[in-house]
Every structure is written in C-alpha cells, then in structure tokens.
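Next come two complexes built around chain A: one with chain B, the other with chain C.
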Partner chain A sequence: MKKLALNIAAVLLALLFVFPLIWMFLTSLKPDGVNVYTLADWVNWSDLNTDNYVKVIRDSQILHWTWNSLVIGVLTTVISILLSSLAAFSFSKLPFRTRGYSMC
Partner chain B sequence: MLIVSGLLIPTEAILIPLYETALHLQLIDNIWAIILPGLTNPIGILLLKQFMDGVPRDYIEAAQIDGSRSFRLWWSICLPLTRSAMVSVGIFFFILSWNNFLWPYLAITSEENMILSAGLPTFLSNNNMSLNLIMTASAIAAIPTILVFILLQRHIVQGVAMSGVKG
Partner chain C sequence: MERSVIENKAATPLRRREPIHLLKELKAIFYLIPFLVPFTVFYLWPVINGAWMSLHVWGIQGMQKYVALANYKKILENPDFYSYLWNSFYFVLLCAPTVLVLGLVLALIINQRIWVRTLIRSVFFLPYVLSVSVVSFIWLKLFDAKNGPVNALLHALGMNTDINWLTDHRFVWWAITIATDWWSVGFVMVLFLAGLQEIPTDHYEAAKIDGANAWQRFWSITLPGLSSVMKIQIFYQIINCLKLFGQVQIMTGGGPGDSTNTMIRYIYVTGFKKDMFGLAAAQSMIFCFIMLLIAVVQFKITDRKDG
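Showing the complex of A and B:
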C-alpha cells in the first residue's frame, strides 16, 4: 500500500516535469497561429501536421546551429577534460610550494 | 582554496571584461570565443582531484623508481585509472556547454556562427506572437538531447549525483 502511494506520487511528479515537453511538441505540431491554451486545443488532434518543421528547417539555419553547438561542445569537453586532469594530477600527486593555498 | 573560490564567480559578473578581452583578441563572432572561456572549470579540477587522491601512492612510487617523470605518471597511470570519473565529468561539461546561453548570445553576432541556444530567440519578435515556430525550433533542439539522454542515462545520472550540480 505504501509502495503504491509512493509510485503514484512519483508518476505525478514525473508528469509535472514532462508536461512542458508535451506542450512543446503539441504546439509545434499545430498549424501557425493556434496556440495550445485551452483544453479543446489539447484534445483536438485533427489539425496536427508537420508543416512547421518543414518551414523551420527550410527557412532558418537551425541544422547548422545544431552542428555548431555540437562542435563547440565536443571541443570544449575534450580540451577541458585533459586540462582539468593535468591540474588535478599536479594538485593530487606533485609536491610544490603553494599547493596548500591553492587547493585544500 | 583559490581554485575553489572560482566557483563563486557568476558569469554575469565577468561579462564585460570577457567581452573586452575577446574584442582585443579579435575573437568576437568566432567559435573560439565560446570555447576558450569554457576550458577551465573549477568543478572539474576539484572532482578529478578527489579521484586522483584515490590512486594509491605506491603506484606512483613504483613508476618513479622505474624512471617515469611527471608527464608519464599522469599519462600512463592516473589517466587510465580515473577514466570512469572522466566520463562523468565530461558528460557534465558537455551539458554545461550545450545549455550555455548568455555568453554565446553576446559573443556571436552573425547568423551562420550562432549556436543552438543563442539561435532560438530569433524565432520570437515583437510582431510575431505565435508560439508555433519557436516551439518547433525548441523541439528540433530537444530531440537529439533526449535521444542522447536515453542512451547514456546511467552515466548522466551518475555524473549529476557525483558532482551534485545540475547543468
């Protein structure tokens, strides 16, 4: 019984977090100008289409931006991991004079 | 102490000096303007240092007796032994970089160099109150992230639990 209550609470919390995502996908599938505010818009699935996706991909450079994000993310991650690892190694294993001040 | 105190400085506080520096280095509107400030992160150093402390002193001494110098100690001993920690920290860094908004928004001026988070607001303007296009763009931006999260769920949850900071 207690486990069931916990499960229900967990599902409700999860729904709370997923709700904006669902709203995002639903709005993106509606035709231009229809914002999903009322309950009727939520349950009316007859006007869903993918025109917005075609329009966004064709008219803007969003795929290019995704590629830029990816390049920057990978470069930042790889270089900073190596640099952080070097710094961590020196702070952890090498003796030098100001070590105690710079890292506890 | 000094390194950890770097955690206390918010990005907003260093925006103007950062912009001046990037301007004088002629890095505005260049992807390196976004990469370079992200390279040093106190959290990464702190976390990896804790993991390096777990590498036994005996390994280091044995390697030193065999004639290794500092770089070799790092490359051949500490790097392989802390690989799992580095994966977690790496995922954390990637999330930080992917979600970063304010500095990329200021540093990039032309459309073709924009990154995803900075490009999303271009779909909203004063005379266009329709939410459909920006929601579509957000969905396109979210789909790869959700896929990667589903694939790497275990590592990401581990990394967030370890560092105690959510991107």
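Showing the complex of A and C:
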C-alpha cells in the first residue's frame, strides 16, 4: 500500500517534470503561430507536421552550428583534462615545499 | 607510510622546517606549468586588468581618465546597488533551500525500488542538459499570462483569474525560482543519490532492530550520512544562485520595474548598455569580494563542524 503510494508519487512527479519538454516537442510539430494551450490543443494531433524541422535544417546552418559546438566541446574537454590532471598529480603526489603557498 | 608523512606535512606546513630540495620543487613546477600558463593568460591577467579598469573612467573608446577609488565611492553611495544586492540574496533565500529539499526528496524516492526507476531518474535529470537560454524560453512561454499552459492548468484546476507570472511582482520571483529549480534539481539529486549509496545499509538494519521508525532513521542516519555532500551542495547552490543572470535577462528583463534586477544584470547593464566599463569593473570587483567573503565564512563554519 505504502509502496503503491510512493510509486504513484514518483510517476506523477516525473510527469510534472517532463511536461515542459513534451509541450516543447508538441509545439515544435505544430504550424507556426499555433499555441498548445487548452486540453483540446494537446490532443488535437490533426495539424501535426514536420515543417518546422525541415525549415530549420534547410534555411539555417544549424548542422554547421552543431558541428561548431561539438568541436568546442571536445577540445575543451581534452585540453582541460590534460592540464588539470598534470596539476592535480603534482599537488597530490609530489611532496614539494612551496605547495602550501600555491594552494589557497 | 610515505602517504601519512605527506598528510602530516600538509596539515602543519609551517612548523616543520625542512630544507627545500630544488630538484623536487622544479619537478613539481614542471608538472604545473601547462596549467599555470593558460591560467595566468586567460584568468589572472583579465582579473588584474579588471581591477585596473575599475580605477578609471573607461568608455567605449577605451581609457579616459584615472579616478582612483571614485568609481567605488559612486557605487556604494548609490541606493540601486543595495537593492540589486538584496535581490541577488533574496533569490538565494528562495532558490537554494527549495532546490536542495526537492533534490533530496527526489533522491530519496529514486533510491527506493520503484517502477521504471532508470527512466524516472533520467526524466529528473533531463532538464539539466539544456542550456540556460532554452530553459528560460520554455518557461517564458509556459508562464505566459494569456496563452501559457501553466495558467491553463490552473484554470483546469478551478482558478478563475489569470496570474501574471512574469509581470506581477508577487509572483515573478517564484516563476524564476520554479524555472531554475526545474533546471538544476537533477544535478542536486544525482549528488545526493551518490551520497545515499555511500551510507552503509547495516546502519539501517541495526536501527530497525532497535525499533526506530522511518522518520527517526531519516533524521539519525540519512541526514548525518549526507552531511559532507550537503555542505558541498549548499556552497555550490549559494554561489550558483548569486550568479543568476540568464533567466532574469530572458524571462523578465529585470522587470516588472526593477524588482528582479540582480547584481550580475546590474553589471551587465552598466557595462554593455551604458558603456561605463570602469564603473562595471568596479561593481564586479565589489561583487567578487562579497562572494569570496561568503566562501570564506562558509569554509570556516564547515571546518568547525568537522572538529
């Protein structure tokens, strides 16, 4: 009984959390200028289409921008891990005297 | 053996006078250089530059005049500064406790054996991967007074009037808090979850045998077991909330009136809207100092608890 209540609470919370994302997804499939507002809008799936996606991919350089983000992400990760692991090794494994002054 | 010696030395660095081995120092510095060079160029140098700028009248064409501490005096005499500072701290008071409590509750739920546990955990963590602009735009539309689904939901639950979430000063902070909580609670939950899994299960078994109920187990085992995670989380959340900018900039633009203008947005407006870079640099230095002060106080408090 207690278990069931916990499960239901968890599912309800999860639905509440995913609600903005579902709303965003649904809106992205609706034609421009159509709001997903009332319950009727939520279940009215007749006007769903992928026009917005086609438009974004064809008319903007979104694929190129995504590639840019990826390059930045990979470079940042690799460089920062490389540099900070060297520094961390020196701080944790090498017993040097000036360490006390360099770590504040 | 060697390890304990190192730890001893770290604890009392000044009492033990050992001769400096030049080779040892050089070796350590050699490993540090790849980090220190970018750190100096991209972090230390801009900070020093900012401090230098804060002593000048610095317009869009660059440096105009050396004014010493006049910028600081001007800021501290401006009542706006104090009201924006208060706004920043008000947001900490709203957002940090709610996100911590919510994160703890979610972690406790996820830690139980529930249906589709992995899926639910992913759902809670999902908003955290979005960027601040995406989150702010989603909630800007959701909180729309006329066409927003949030108001539609409240209407469905029997509310008659529209709530002007983003233009009513009574609700606007809550709107921003809800958006921020939704965004960042996943990360808080994951850290708490890691903390929960470190608590040994035999503590709970022993408590059960002794007849402790669920509430007592939570207060006497779970919360103390989470104390180290909790300290880090409180520290991180306070700093994070003080840095609030994107949500306010996109969702309210500081409005209604000036009621959601934060310190960071104040700096942004002074620097990039009014082109008073010297003044903005001085504001940044003051805010940076305040944040450092908070960090130091917090470290002192948590250190004492460790005993």
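What we mean here is this: the second predicted complex is superposed on the first by the 100 of 104 C-alpha atoms of A that agree within 3 Å, B and C clash if a C-alpha of one lies under 4 Å from a C-alpha of the other, contacts with A are read in each partner's own complex, and residues count from 1 in each chain.
Here, a residue touches a chain if its C-beta (ideal position, glycine included) is under 8 Å from a C-beta of that chain, and two chains touch if they have at least 3 such contacts.
What you see is a predicted model, and the numbers here were worked out from it, not measured in a lab.
K.L.:
Pick one for A:Leu39: touches chain B only (first), chain C only (second), both, or neither.
P.N.:
second
K.L.:
Which of the two partners, first being chain B and second being chain C, lies in contact with A:Tyr53: first, second, both, or neither?
P.N.:
First partner only.
K.L.:
Once the structures are superposed on A, label A:Pro95 by its partner contacts, choosing first (chain B), second (chain C), both or neither.
P.N.:
The answer is second: A:Pro95 touches chain C but not chain B.
K.L.:
According to the contact criterion defined above, which of chain B and chain C contacts more residues of chain A?
P.N.:
On the superposition, B touches more of the residues of chain A.
K.L.:
Answer with first, second, both or neither: which of chain B and chain C does A:Gln61 touch in the superposed model?
P.N.:
After superposing on A, A:Gln61 lies in contact with chain B but is clear of chain C.
K.L.:
Examine A:Ser84 and indicate which partner it touches, taking first as chain B and second as chain C; both and neither are also allowed.
P.N.:
So A:Ser84 meets both chain B and chain C here.
K.L.:
Quick check for you: in the superposed arrangement, does A:Met24 touch first (chain B), second (chain C), both or neither?
P.N.:
Both chain B and chain C are touched by A:Met24.
K.L.:
Taking the superposition as given, does A:Val71 touch the first partner, chain B, the second, chain C, both, or neither?
P.N.:
The first partner, chain B, only.
K.L.:
Of the two partner chains, chain B (first) and chain C (second), which one does A:Leu13 touch, if any: first, second, both, or neither?
P.N.:
In the superposed model, A:Leu13 contacts chain C only, not chain B.
K.L.:
Check chain A for residues that touch chain B in one structure and chain C in the other, and list them.
P.N.:
Common to the two interfaces on chain A: residues 21, 24, 27, 35, 83-84, 86-87, 89-90, 94, 102.
K.L.:
If you look only at chain B, which of its residues touch chain A in the complex?
P.N.:
Per the stated touch rule, the residues are 1-4, 31, 34-35, 38-41, 44-45, 47-49, 51-53, 55, 60, 70, 73-74, 78-79, 82, 86, 89-90, 93-94, 97-98, 104, 111-119, 122-123, 130-133, 135-142, 144.
K.L.:
Over in the complex, which chain A residues touch chain C? Could you list them?
P.N.:
By the definition above, chain A touches chain C via 6-7, 9-11, 13-14, 17-21, 23-24, 27, 35-39, 82-84, 86-87, 89-90, 94-100, 102.
K.L.:
What does chain C use to touch chain A in their complex?
P.N.:
Chain C residues touching chain A: 5-6, 9-10, 13-14, 18, 20-21, 24-25, 27-29, 31-32, 34-36, 38, 106, 109-110, 112, 114-115, 119-120, 123-124, 126-127, 138-139, 141-142, 147-149, 152, 156, 182.
K.L.:
How about chain A: which of its residues touch chain B in the complex?
P.N.:
Residues of chain A touching chain B: 21, 24-25, 27-28, 30-35, 52-53, 55-57, 60-62, 64-66, 68-69, 71-81, 83-94, 101-104.
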